[in-house]
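Several structures are given next for inspection.
In the two assemblies presented below, chain A is common to both, partnered first by chain B and then by chain C.
Up next, the complex of A and B:
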């Protein structure tokens, strides 16, 4: 059984997705979604336990030996990403029930769950596979299904947002495909470990450089790294609440994983960062993203948009750590994948409850809710504190590791950018919190029934997780260090 | 008893307060009980620390090899004793004040109060910079709901300045300074003699000292002092304990601790490492006194007086002699007693007569003799006149300035004392000597007993501290080389 875990990780949500279509009833589909995500989370926990000490699991799909067959290959880094993706989905499942019923047409609910599960399958597949082309296939599965679920948002602008994302996403996917094609042309293999062995022989060929360029740009689009971020704000803002939360917590993390995996494992850092000034470029873009994203967030009136712009800034932190090419930097990035997922997930879910209650996510819809919905308000505040990087929240942990990593390299300007971005986040989160607690409630129509316990439990699970990681982060930090060591050691 | 009780007992108290939220009498009783036990526990460490031991507890590895750890050294014990002892008195006062003024959300108030004390105790006991930072921020955040307690537009504005400056300086300067120290030296522990000596250049050390001094925004060095007057929108017990004792003293205490145990006095005195901060502190000292002269709102005048008095302690640290450090440490205690009395009086005046401006106080001393008597005693103590406690700390601060051969700083201390007289003494003088406005009621009109008793207690404290400096000297003996 344990030997089959890697396959189960993808198959569980995939089969559950088909089951949802067969079940058709909203309640049945939700149950199916919940059970599948929980089971998939359990699998990822087992995978993390198996790989956290540095072991690498390899699984031959269908019994075909790599490099000819598809290999699923799990080390500390992707086990951690799998844990984040499936964990976030599992935590959000209880929240989904009421939120989805409120935002999606009754007759389409089962299709919605089926697509969300398909999207998860794609994200988990990208993270687990050791085969470059297989990665592209999963990328398309997750992208296509996410276009559809974004378009199901309650506002008609969701259609335009989904279309924008579709154009940008397709360009990104195609770039990655071209990059993979060029590598295949050079080496005749698609297995990442095999590629890593064969590419050095092709060193300094222009084709290799072009392949790297295509893949970096393609992954950066999926990652929404400045200046390729244009699709993200609207996609997050107009999607159904569950989708905003889920994508914000997982999709960009997986895209960051793709970027790191290709640069560090396939191309190997010493060659990838040599000659193209990739490290400097990534640092500069990350710094601009951190500051510009935060500045734009300050001026948003729609809180979903505000959180989306804040995500663009946070992606800057993730890329910055990866661009430093040091163990400390990579460990900070790996940890931030988790901490940002937990913080943003918490914020989007708390906002989802507010949308469920008031029907809107504009600042004016939030006025005075800190008093009428004290539990939701408090959870939002915890998420906001984590985003700012206040002690005893997960955000502080990453900020610390990232600042240390930057200071070790004596990159003072970048340290300044990290600090400045934190200061800006005080301003934009402060605005929301002041609205929550100090403005008189607006007279709009709100639902009279109390917030469902299931919804609240998801929100608070994430809020408590923020505090728990902030108070005792060592287990996760140890995994992050192992992952960073493996990436720099060049082991695929 | 374990050292861990000191920071975590208030947290347990906060939990009890929440649980007893529906029964106000029980809630306040639990608050008082926690405060009393905490103060007793803190005092019980006195013999251990005076004997020269430094009890230490390591909780766990917090960030890699950086630990969450507590230890108790003389300065920390002094600050912890002040915070916990005055917490008890303030709780008594707050119970009377909050009820007397019919304030809302009293459970939230007492809960946040207890959490803030947890933050202050954590700062006092921090064994390294990281632990200090964690509890420093806890103190900032837990006091925000207290500052904005009234929930109106003025409270929101005040709260915005409060949180903006305190979080801004700590994340923008203090955290980078700590990271820099960690990267440069590989340790963050507070060690006797400091950790920077020989590890960093003079220029870097000067920069670090500036970052620490401004990063600790709670010390209210100009230009980062605005949060303190802004925080005066809070109910008076908050201003009394937090903005005369726990919060502001956590700031100057941090600067003292960093000067003594991170830089080390020998290293800090070399070259010009602490010079820039010394001048900034001297400027703040005088400028804040001058501003205080112009303020008619009583609490605001007291706030600027606090800014000025905090600069005394920062200046004591920046002079970097053992005398000046001793004077600074003593001033933490002496000023705490004096200023908390003044704030208690301001609150009592508000409760009994609903007056907030200095110009409205004419003749009020006849109706409130105890309150204004206490006000007079505390003012004299802050000015530094014998026979009151405040004279000791000023004495040692001036000796420290002499030791450091900074005649100008001597002059700064003296001018400032004169300014203290100018902005503090007119208040009791008006109350006692001026005629009350026509038509005001005659007879004794003091605030409720729960308010008057604490302010008499702390005023008596100012007096006793002058005659009983022995235990304090014994505690601070590591710096007493006279």
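Up next, the complex of A and C:
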């Protein structure tokens, strides 16, 4: 049974997606979605337990021996990303029920769930596969389905946002395809571990450098690393609430994983960072993203847009850790994948409840809601504190690890950028919290029925998770250190 | 001269890629952007297919033993990429239809003006 776990991880959401289409009823599709995400979460927990001590699982898809067949390869980092993706989907499933019914047309609800499951299949597939071309295919599965679910947003702007994402996402995906093609021409293999063994013989070839360049740019588009972030704010702001929360918590994390996996496992850091100034470039872009994203977030009136710009700043932290090329930096990045997912997921879900209640996400819609919806307000505050990095929240843990890693290298300017970005996040989060608690409630029409318990349970589960990780981070930190060690120790 | 003619496949790839990329960036019409994207992707298809070509090779079909044939794997890979390209085009065109229904235009400039007008009052 356990031998088949890697295959189940992708198959569960994929088959559930087809089942949703057959079921057709909104309630049936939701139940199918919930059960599939929970089962997939259980599988990823088992995978984490199997790999956390540094073991590597390899699964031969269809019984074809690697490097000829497709290999699923799971080390500590893969398992951790799988845990984040499936965990976020599992936590958000109860929230989905009322939110989706309120925002999506009745007749399209089952299609919506089918697409969300397909998107999850793609994201899990990217994280689990050990084959470079297979990664591209899963990338396109997740991208195509996410364009479609973003376009299902209630406002017509969702359509244009999805279209712009489609254009940029396809260019990004095609860049990755070119990079993989160039590597294949050099080595004749597509298996990542095999590529890592064969590429050093081609170390001086310009083709290899070009391949690395194409993949880094392609992954950076998907990751929305400054200055390739243009698609992200509108896509997150106008998508349905569930999609904003889910994509903000998982999609960019998986793109970050792709970047790290290619640089560290396939190209090996000593060659990837040598002679191309890649490390310096990534650090500079990360620092600009941290500050520019935060500054733009301060001036937003739509809270969904504000959170989206804050995501661009947070991606800066993730890339910064990866650019340091040290165990401490990579561990900070790995931890931040989790902590940002939990904090941003919590904020977007709390906002989703407010959208469900008031029908809007502008600052004026939030006025005074902290008093009328105390539980939602409190969860939002916890998420905000974690995003800022206050002690006893997950955000503090990663900022601490990141600052230690930056200080280790004596890069004081970057340490200053991290602190400045945190201070700026106090300003934009403070604005939202001030509106939530200290403004007179607006006279707009709100739903009269109370907030469903299922919705609140998702929001609070994430809020408590923020505090739990902040108070007791050791199990996750240990996995992050193992993952960082494996990445720097050559091929996993 | 030798490298220029010897690698002319790759020159075609680069030229096509740049033409496609330019259309995506420069044109406001959403349908033209999709056409540009298609040209851009086609360039990558040629890049892969060129890699599998062997001088004097035939199609990779099981026949007489010892025959020289082209490398079949790039063909298979690009078949998958073509499917992805078709799906992307279909989704893009479907979105354009919906955008035209919602805004009454498929020129990006007009759409942005309409969005801004909605914001101002």
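Everything below uses one rule, namely that the second predicted complex is superposed on the first by the 492 of 492 C-alpha atoms of A that agree within 3 Å, B and C clash if a C-alpha of one lies under 4 Å from a C-alpha of the other, contacts with A are read in each partner's own complex, and residues count from 1 in each chain.
In this text, contacts are C-beta pairs under 8 Å (C-beta built on N, C-alpha and C of every residue); 3 or more make two chains touch, one makes a residue touch a chain.
Worth saying up front: this structure is predicted, and the values here are computed from it rather than measured.
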Chain B versus chain C as contact partner of A:388, first or second or both or neither: first
Chain B versus chain C as contact partner of A:408, first or second or both or neither: first
Contacts of A:237 with chain B and chain C, given as first, second, both or neither: neither
First (chain B), second (chain C), both or neither touched by A:306: neither
Chain B versus chain C as contact partner of A:156, first or second or both or neither: second
Touched partner set for A:140, first chain B, second chain C, both or neither: second
Partner chain in contact with A:419 - chain B first, chain C second, else both or neither: first
Partner chain(s) touched by A:472 [first = chain B, second = chain C, both, neither]: first
Chain A residues touching chain C - in the complex, by the definition given at the top: 133, 136-137, 140, 144, 147-148, 151, 156-157, 159-160, 162-163, 166-167, 170-171, 173-174, 177-178, 181, 184-185
Partner chain A, residues of chain B touching it in the complex: 60-64, 133-134, 137-138, 141, 148, 151, 153, 155-156, 160, 163-164, 167-168, 171-172, 175-176, 179-180, 182-183
Parts of chain A lying in touch with chain B, wherever the complex brings them together: 385, 388-392, 397, 399-401, 403-404, 407-408, 415, 419-420, 422-423, 426-427, 430, 434, 437-438, 472-474, 477
Chain C - residues contacting chain A, complex: 21, 24, 30, 33, 37, 40-41, 44, 47-48, 51, 74, 77, 80-81, 84, 87-88, 91-92, 95-96, 98-99, 102-103, 111, 115
